[in-house]
Structure formats: structure tokens, C-alpha cells
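One chain, chain A, links the two complexes that follow: it is found with chain B in the first and with chain C in the second.
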Partner chain A sequence: MRKNGPLALCFNLLFVIFMLAPLLIVCVVAFTPEGYLSLPTRGPSLRWFKAIFDYPEFVRAFRDSLWLAALSSTFAITLAVPAALAIARYRFRGREALTTLFMSPLMVPHVVLGIAFLRFFSQIGLSGTFLGLLLSHIIVVLPFALRLVLAASYGIDQRIEHAAISLGAGNATVFRRVTLPLILPGVVSGWLLAAINSFDEVTMTVFIASPATVTLPVRMFLYIQDNIDPLIAAVSACLIAMTAGLLIALDRIYGLDRLFVGSGKG
Partner chain B sequence: MSHLVLNGLSKSYGGVTAVQSLDLAVERGEFVSLLGPSGCGKTTTLQMIAGFVAVDRGNILLDGNDLVSVAPNKRGLGIVFQSYALFPHMTVAQNIAFGLEMRGIDKAERETRTLEAMALVGLKGFADRYPRRMSGGQQQRVALARALVIKPALLLLDEPLSNLDAKLREEMQSELRQIQRSIGTTTILVTHDQHEAMALSDRIVVMNHGRVEQVGAPDTVYGRPASAFVASFLGKTNVLRGTSDGHGKVSLGSLSLAMAGAASGPVQIAIRPERLAFAAVGAAGLDARVLSRVFQGTHWLLTAESAAGALTLMRHNDGHPVPAEGEAIRLSFAPADASLLREGAAG
Partner chain C sequence: MSLAISSRATPYYLTGPALLVFLGLVIIPLGMTVLLSFYDWGQYKGIVPEFTLKNWIEVFTDSYFFEIFLRTFRIAILVTLATMLIGVPQAYILNRMSPGWRSAILLVVIGPLLVSVVARTLGWALLLGSTGLVNQGLIALGLIAEPLAFMFTETGIVIVLIHVLIPFMILAVWASLQRLDPQIENAALSLGAGQTTIWLRVILPQIVPGILSGAIIVFSLAASAFASPAIIGGRRLKVAATLAYDEFLNTLNWPLGAAVASLLLLALVAITVGSNRLIERRYSQVFE
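Moving on, here comes the complex of A and B:
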């Protein structure tokens, strides 16, 4: 294998620093004992982590966000699997149009979606409900789920399914025992990416969320409009720690390479 | 009644004929190859037998029962694909046992039969291996074991050896033949490789443009090709132009042959290069001139030009002098070695 030259190494190093520095700084700031955003010069303190629990809105928003992410990504993946299989293997009228339609939430700015959903939901009486929030998130995360399942579906050799059929398997069995395991890396990574995007969504959600249904990013956004204190840094640090923990666990169990890069054959 | 009968089987894709009214009867335990160039309809035929391609017209009788209306997963046929098509997420044993599992066979018997099948194809001790950690030849053995373990009524092989290198392919050919003989499963092989078809089959079905050109034992099809296509598709051949007087006499340039069955007028005659000999001094023969000679170790390959058309002939490297380029030669052959070709498109 060719080694990177010193210049390339320098570039890579700078790039990694640029990527990681903001995260690192947020985490360090979260441990400050001061009442303003600063580096902890007088030793680390857990003051602001404890402060999170004085704001039950954050805990509730976190719980709602988790639910929303889990539900919307699950619904999105349930829609994406049959859609991807149909698009990947059949040539039918309107196939291209259908694909574009499913992918279109990526092209429309979230601000526009937010305003559109706000208007639409109040029209049909869903404004301010969790259901409305859920529906809008399913639509927004569907492209991510579909993209990855589609990539996995294009990769299957249909003769493997034919082999299963010839051995006596019915349609449901072929799907459960052969097709689904073959596209599983795409399904899991699609689900994960959808969940992350739902959890992270703020631009559109800020329009739709009502006081009863505020997600964590929206809550954080609303909070920093009025207060600039290290509480937000502490919340961010918690999220970073959780995400890192989740990814490490996934890597141990499943292998992230396989999830995002591999096709499950390697 | 034959074990498998194909009756006027037809299939076209959007107006393009893939298989046209194919008739074939296969006896129990027979090994039959469908041989032809790509696009000749051989794979479509196999897929119709397997049930993955819908039949337009005709029927497929297995022991007298029509398979056309039977769902592909209820036909009970074993299929081996060129790409192996193993289940990558299952071990060798799980792959092989899949068909038994689908038949609701209990675990103990499943294990016994899986082990038997693995022994049959020479894969003892590979039970817990995943396919991706095996060579192409080993994967093909797994595919064969998986197809055979269900004791299929028919074994369908779709170019099973095409992905293997030449040496391994020869080994697998003789092994495949031996396994098929020992278990006696009626087998249909689809291949574009004439050597494979000749080495493995009891009978060869030569196909072209969705039609059957000739059906027969390998030596018959090779030695007595029925059409110009068969003659040119199987091995090297010389197609000579002559004229028939309509009374059992055919003239080829300077040579006159007794050949029954030709209507008067122009005819085409096929003769294999290895069956052409130099005529004895003073005997009748076909006059020709050597254009080139190529040494190939065990033999010389000569090309020559005659009044009846271009010729290729083989001379064994047995110490006799070989005519040089430009030299005039006189050739003869036994009339029995020559075949009168049916009218039709030459390959």
C-alpha cells in the first residue's frame, strides 16, 4: 500500500482537528464551574450537569425526541424496504417518478417544509400534536432510509432467491430467510441514519412543535435565545457521549464498516 | 412414457422469439445437455422447466403430470446456478439443509442427510464454513449438494462450471458425471461449452435461434451434424459445396461421391478435419493447394483451397513429411464420414 506523503498527513491531521475541535471544546466547557461559557480553569465541576435535572423540560424533550426518532425511523424503514425492492427489481411505468418523489424531501428546504406542514396540519386539525410531528418526520427521514435500502437491494443476486424458491420456500419464507438477511446491513444503517436525522432535525420542527411537543434540539434552540450559560454545553456533552457510546456498541456488535460501507458479503 | 416431456414449448419476449415450439423427451436417469450460443433459448428453456419464466404455449410433463400450472416452489426440482447462488449468511450445513427444512423434515434426519450430501460431493468437515471463505469449486459443490439433498425429480444445471478455471472445470466435469451416474437423477445441463456438453451428456440438444437443430448422442452430433450450424458450432469442420445429380451422386470439384438422399442441385457437405486424408497415388480425390501450415505439437494444422471451398485438415505428427505451403495435394475421405447438411442458416 502506498503511504501518504508528509503534506497529505498534515492535511489529514488538520482536517481531523477541524472536525473534532468543536466537539471537544463543547465537552470541556461543559465541566466549567463558572456561570458563563468558559474553559474550566479552576478544575472541573459537574455543576451544569446537575443543573440539567432542574429543568425537567430538557428531560421531557429528550424523551420525546427519542420516541420521535425511534418511531419515525421505524415507520420510514418499513415503507422503504418494499419500495426499494420494487424499484430495484422491476421496470414499471412511473418508476423514476416514484423514486424522485420519495427522495424529494431532500431537495425541499426544511424551512419551506416547516411552513407548509404548519399550514397543512392546522387545516386538517393535526397542529401541535405528536402525530403531526411524527408524520412530518417520517417524510423527512424517508429518503435516508430508502437510499441505503435501495443500495443494498440493487446488490442482491436474484438467483439466490430463485435457489430458495426451487428448494421449496414460499414468498414469505424467501423474504424472511433470504432477502431480508441479504439487505439487513442496508436496513440497519438506513434505520440508524433516519433515526439520527429525526433526532437532529430542528429547522422544520421548530415550526411544527407546540409547547406540548417540543423536541430536544428545539428546546435547546429556544433556551439559548434567552440564556447563554454552560447548561447547553452540558446537554451537548451528554448527547455526544451517548452517540459515541451507541456507535462504539454498534461497532462491537456489528462492525460499523459493514454497516456503512460493506454489503454484508465481505 | 419418458420421464420428462417438453411439448411444443414456446416463449417470446415482446415479439422476440426466445424458444419456438420445442419438443424433447428425456428418459429417467438420462443426462441431457442443451447446447448453443448465447441467446439460443437454452437458458429460457431451463427457466421454464424450473418455473421462473412463464410458459407462453406448450406443456412440460414430468411423469405425465403437467408442471406448467405448478408453482416453482412446489416442483421439487434441484437447480445449480453459474453464480452458485449460495445463501451467504448461512453456513455450508445450513445451506444444504434449507430444502429439507422447507419440507418439514425433523432435525435428526436433516443432519444425517446433510452429512450424506456433503460426503457425496466431497465436502466432509466443511459444515460450519461460510461460503465466502470457500473457493469457487468448493462453493459449486455446496450448490450441488444443496440441490441433490432434496432428492429432486430433476437436476437442472445452468452453466454450473463456467466460472471455474480450465483445470478445475475438467475435474468437476468427471466428478459431476460420476455423481450423476451414482444417484441416477435425470439431469438437464445448459451450456455454451461444446466440450462440456460432449464430456458429460448422454444426449446433446443443439439449439440455435430458439429452435432445436439436432438431438443425439455426442459422437453422433459431432460426427454426423444435421445442419451447417451444428457442423460449425461443434468443433472445427469443413463445409464443402458440391452438386448432386439427384440420383445418389455428388460431385465435389474433381471428386465424385456416392451419397444418397440429396435432391438434384447444389448441396453442402460437412467433413471433419481429422477425417480428411491424402489420397493414394493415382487414386481419385479432391485436388487442393496448401495455403498455410501451423505446427501444434501433436499435429499439424493445414489450410488448403479447393474447387469445393476452403479446407482445414489435421496431420498427426507421426514422422511423415508434411506438404509445404503452396504445394498441390489430393485429398480423399470415406463417404460415411461426410454428412449432407440440411438447408438452413450456417452459423
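Moving on, here comes the complex of A and C:
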């Protein structure tokens, strides 16, 4: 395979600038000492990062978002593991239809899901509750969990399980001591991808969030609709720094190409 | 779980819990939304559960709605074309990099995907304002005399959506590039083909299915995008998703909003399913 020429490397450089510029500008503006949006030409200041703590609604929304992400991805993975094992190993009537149904939250626009949940929850008296947010997030993150567990389940050598059975292991033991350890990388990365997607979801959540239960991205969205100031840049910079840390850790531990391009050799 | 006591019913037990959750929380709410679009509504009487076609007639005949849907699909098409033009060469460059550089660039491609779209759009709002860095840079280079309007314009929305959605295109194209046999490129080279010929006649035909599946993902996400158009477009420049939001949370005309949402869903399902069928038929041999 030939190497990239100088033109290709220029293109690549421009692309990297395009991708990173909006994230960098947020981080730079967040350090401004002024009371308005500006570059920190008089030297950096932590003024706006300190100001975040004077707005408890951001801190509370952050805490609620973390809980929501942890809980919804845990429920989603609990539903996804048995479903993925069934889809990967059995040929049964309705298998294709079920897979399409479980993947459908990726196809249905989130704005439509948000409206559907708003209507549904207001009919059954769940509107504005944390339970409502949790149920809706389980649905939208389940496809991510299912896809990664499914990819891991296809790769299992079933003879290992047969060996365990022939040695007298029961169903529960086989699952706990053989099957689960084999698909564990898929389960962990599926859980993580589900949690990240729950944490970032804004389009659907904006319809069903209420002043009492609101996630951080929705809180930020509503704030930006009123005005854009260095405070919101500081909140966003914290999010970007957090994501960057997580990403680098993930890349070291697991490999990003494996996580996002599927089970391919990468 | 194991094959020891597996019966015909086992897969149904395993998928049962997820199926119940999806029936209760996807099928029923979506059904209720479609039903809602056929209900009546009035400023003072609220939602009246009487069958009427009035919302659908309004959505299809009022030029206000037609304009918004037209704008939505115009933006989605432009974003799809632009992500193809930038994403295909970038994926090709990525595929040729050494493993170390490749994982660094992959971080740049995938990283923004994990940052909330609100934070990314905020970054563009800072860059694209009339005194933002983009306008300052263009003026300093002498390319323009007056700042260009990006905020509250379709151009601004298109730029932001390209940034938000291009990772999906790159990942789709890169996945199909990885399946190529590098020996085919070498064979073409040894038979005397130039770089351009190899690109157009050897590589491109093999990755077209990857490009098209990336295009379908980008198109449907662009057509239903909400946060970026809402922040960059402001309250005036509406797209289908922000229109539905306004009908639900500002005007409170839920039946009309439900009709807008149902139409968006139907249009997108028709377009994605239709083009998937077309691709599978046209390129069936590639999918073998």
C-alpha cells in the first residue's frame, strides 16, 4: 500500500483543524477574565469555572445525568444480554422482526420519540418524573448495548460450553462461569457506550424533562436559548475535558477502533 | 441458556423481557402519537378526541409547513453531499496511515461524537458570530470586506451539521475500505494503471456501498436534527424538528405537532427503507 502524499497530508491537517476548532474555542473562551464573551487576552482566569458553583441547577443537573446514565445503561444491558444470546444462537420465527424492533430507536428520529413519550407519559401520569426519564433512556440506549453484546456473542466457540455441560455444569453455572466471561468485553463496552449516549441525549429528553428533573445537556440547551455567556462556555469546557479523559483511558484499555467499528480486526 | 435443555421456546423466553418493554414503550407511544394527529384542537377547548383530518390537511396545504419541510430536506441533502466530499478522501487517507497516526486521527474523528452536541454547537456559535474567529480570519486574509452572516442562516446550520455528522460517514467508508484486498491495488499498479485510474476504477466501485450506507445515516440524522438548528437557526429559521418542538411546548397545539412528527417519521422511513432496498439490489454481489 502506498503512503499519503503531501496534498493528502494538507487535507488531513485542514480536517483536524475543522474537527477540533469548535471544541478548542469553547475551552479558550471559558478562561476569559472578562464579563462577556472574549478571548482571554489579559491572561487566563478561573472566574467562570468558580461561577458554575453559584448556579446549583447545573451541578444538580450533572448529578441527575450521571445517575440516569448509570441506571438506564444497566437496565438496558440486562435486557440486551439474553436477547443478544437468543438472536446470535437460535433461528426462530420472528428473529429478524425482533432485531429490527430492538434496533428501531436508532431509526426513529429522537424528536418523534420525545413527542411519543411526552404524550404517553402525560396520559399515564408519569410526565416530569425521573422514572419517565429512566424508561425513555432505557429504550434509546438499548440498541447500542445490544449491538456490542451481539457482536461478542457471535464470536463464541460453543464447544467450550458443551465441554462444561458434559462435565456436569448446570445452566446457571455455564452462563455464570463460561458464557458471561466470554462475552464480557462486549457487555462492558456495550454498557459504556449506552451510558455515554444516555448522558449526551438532548433531543428526546428536552420534551420529557421538567424543571424538577432535567439533565445537564437539556439544562445547557435551555440556557443557550436565552443567552450565550462565558459561564456556559465553562460548563461545556468541563464536559469536553471529562470526555477527553474518558476517551484516552478507553483507547488505552480497549482500543477505540474495536469499540466503534464493531468486532472487526481493526 | 446452554443447549442442554434448550427447547423451541427458549429464544422467546430470552427475548421476552425486551419485547415487552419495547411493546409498552415504543409501539404504544408511537401509535398514540399517530392517533393524536387525527384529534381536534382549539385555543380554549384544548385537545378534543374527535376524529378529524384537519391537522393533516393543514400540514399538506399550508405553504408555511411546506417551506419548513423543503428547508429541512434541502439542508439534509447539502449536508449529505458535503460529508461525502470530505469524508470519503479523509477515510482513504486514514486507511493509509501508520497505526500510530491512525489511532490519533481516529480520536479526532470519534472524540467529538462523545461530546454533547450542545457543547459542539456552542463552539460553532462562538466561531461563526459576526465578530467570531471565522469572520475575523476571512477579513484579515482580505477575502471579504464585511462580516458574513452565518448565525441564523441555513449556511450556518449546514456547516454545524457537517461537523456533527461527518464521523458517521468516515466510519462507514473506513469499514468498507478495511475489507479491500490491498493486492488488488498492487495488481492494478503492476498492470500500469495510474493513481487516478486506480481510484476511479478499482477502489471507488468497491466502497460505493459503504459510502451509500453512510449517506443514508447522515441524511436521516440531518433531516431530524434538533439542537444544532435550534441554536444556530434561532427562533425564526425553523426545520421540521424545531417546528414540532414549538407546536408541543410553545403553541401547545399537540395534534398539529403530532401530525408534523408523524409526517417526518413516515418520510424518513420511506426514504431510508427505499434506498436500502435499492442499494441491496444494485450491489447484491458486493454484499456476498
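The working rule: the second predicted complex is superposed on the first by the 243 of 266 C-alpha atoms of A that agree within 3 Å, B and C clash if a C-alpha of one lies under 4 Å from a C-alpha of the other, contacts with A are read in each partner's own complex, and residues count from 1 in each chain.
Here is the rule we go by: a residue touches a chain if its C-beta (ideal position, glycine included) is under 8 Å from a C-beta of that chain, and two chains touch if they have at least 3 such contacts.
This one's a predicted model, so the numbers in the text were calculated from it and none came from an experiment.
A.B. asks: With both complexes overlaid on chain A, does A:Phe58 touch chain B (first), chain C (second), both or neither?
C.D. replies: Neither partner.
A.B. asks: Looking at A:Leu167, would you say it contacts chain B, chain C, both, or neither? Reply first, second, both or neither.
C.D. replies: After superposing on A, A:Leu167 lies in contact with chain B but is clear of chain C.
A.B. asks: Taking the superposition as given, does A:Arg159 touch the first partner, chain B, the second, chain C, both, or neither?
C.D. replies: First partner only.
A.B. asks: In the overlaid three-chain picture, which partner chain does A:Phe207 touch, first (chain B) or second (chain C), both, or neither?
C.D. replies: A:Phe207 sits against chain C, while chain B stays out of touch.
A.B. asks: Touch test for A:Ile224: chain B only (first), chain C only (second), both, or neither?
C.D. replies: Only chain C is touched by A:Ile224; chain B is not.
A.B. asks: In the overlay, answer first, second, both or neither for which of chain B and chain C A:Pro181 touches.
C.D. replies: first
A.B. asks: Chain B or chain C: which reaches more residues on chain A?
C.D. replies: Comparing chain B with chain C, the partner touching more chain A residues is C.
A.B. asks: Just chain B (first), just chain C (second), both, or neither: which does A:Leu239 touch?
C.D. replies: It touches chain C, and chain B stays clear.
A.B. asks: Where on chain A do chain B and chain C both make contact?
C.D. replies: 162, 164-165, 264-265
A.B. asks: Can you check the complex and tell me which residues of chain A touch chain C?
C.D. replies: My answer: residues 1-4, 8-9, 11-12, 15-16, 18-26, 29, 37, 79-80, 82-83, 85-87, 89-90, 92, 95, 98, 101-102, 104-105, 107-113, 115-120, 123, 135-136, 138-139, 142, 158, 161-162, 164-165, 171-172, 174-175, 179, 196, 199-200, 202-203, 206-207, 216-217, 220-221, 224-225, 228, 232-233, 236, 239-240, 243-244, 246-248, 251, 255-257, 260-262, 264-265.
A.B. asks: Within their complex, state which residues of chain A touch chain B.
C.D. replies: Interface residues on the chain A side: 157, 159-160, 162-170, 173, 177-178, 181-182, 264-266.
A.B. asks: Can you tell me which positions in chain B touch chain A when the two form their complex?
C.D. replies: By the definition above, chain B touches chain A via 50-52, 72-79, 81, 83, 85-89, 98-99, 102-103, 132, 143, 146-147, 150.
A.B. asks: Once bound in the complex, which stretches of chain C touch chain A?
C.D. replies: These residues of chain C touch chain A: 1-6, 8, 10-15, 17-19, 21-22, 25-26, 28-30, 32-33, 36, 86, 89-90, 93, 96-97, 103, 105-112, 114-127, 133, 163, 166, 171, 174-175, 178, 182, 185, 220, 223-227, 230-231, 240-241, 244-245, 248-249, 254, 257-258, 261-262, 264-265, 268-269, 272.
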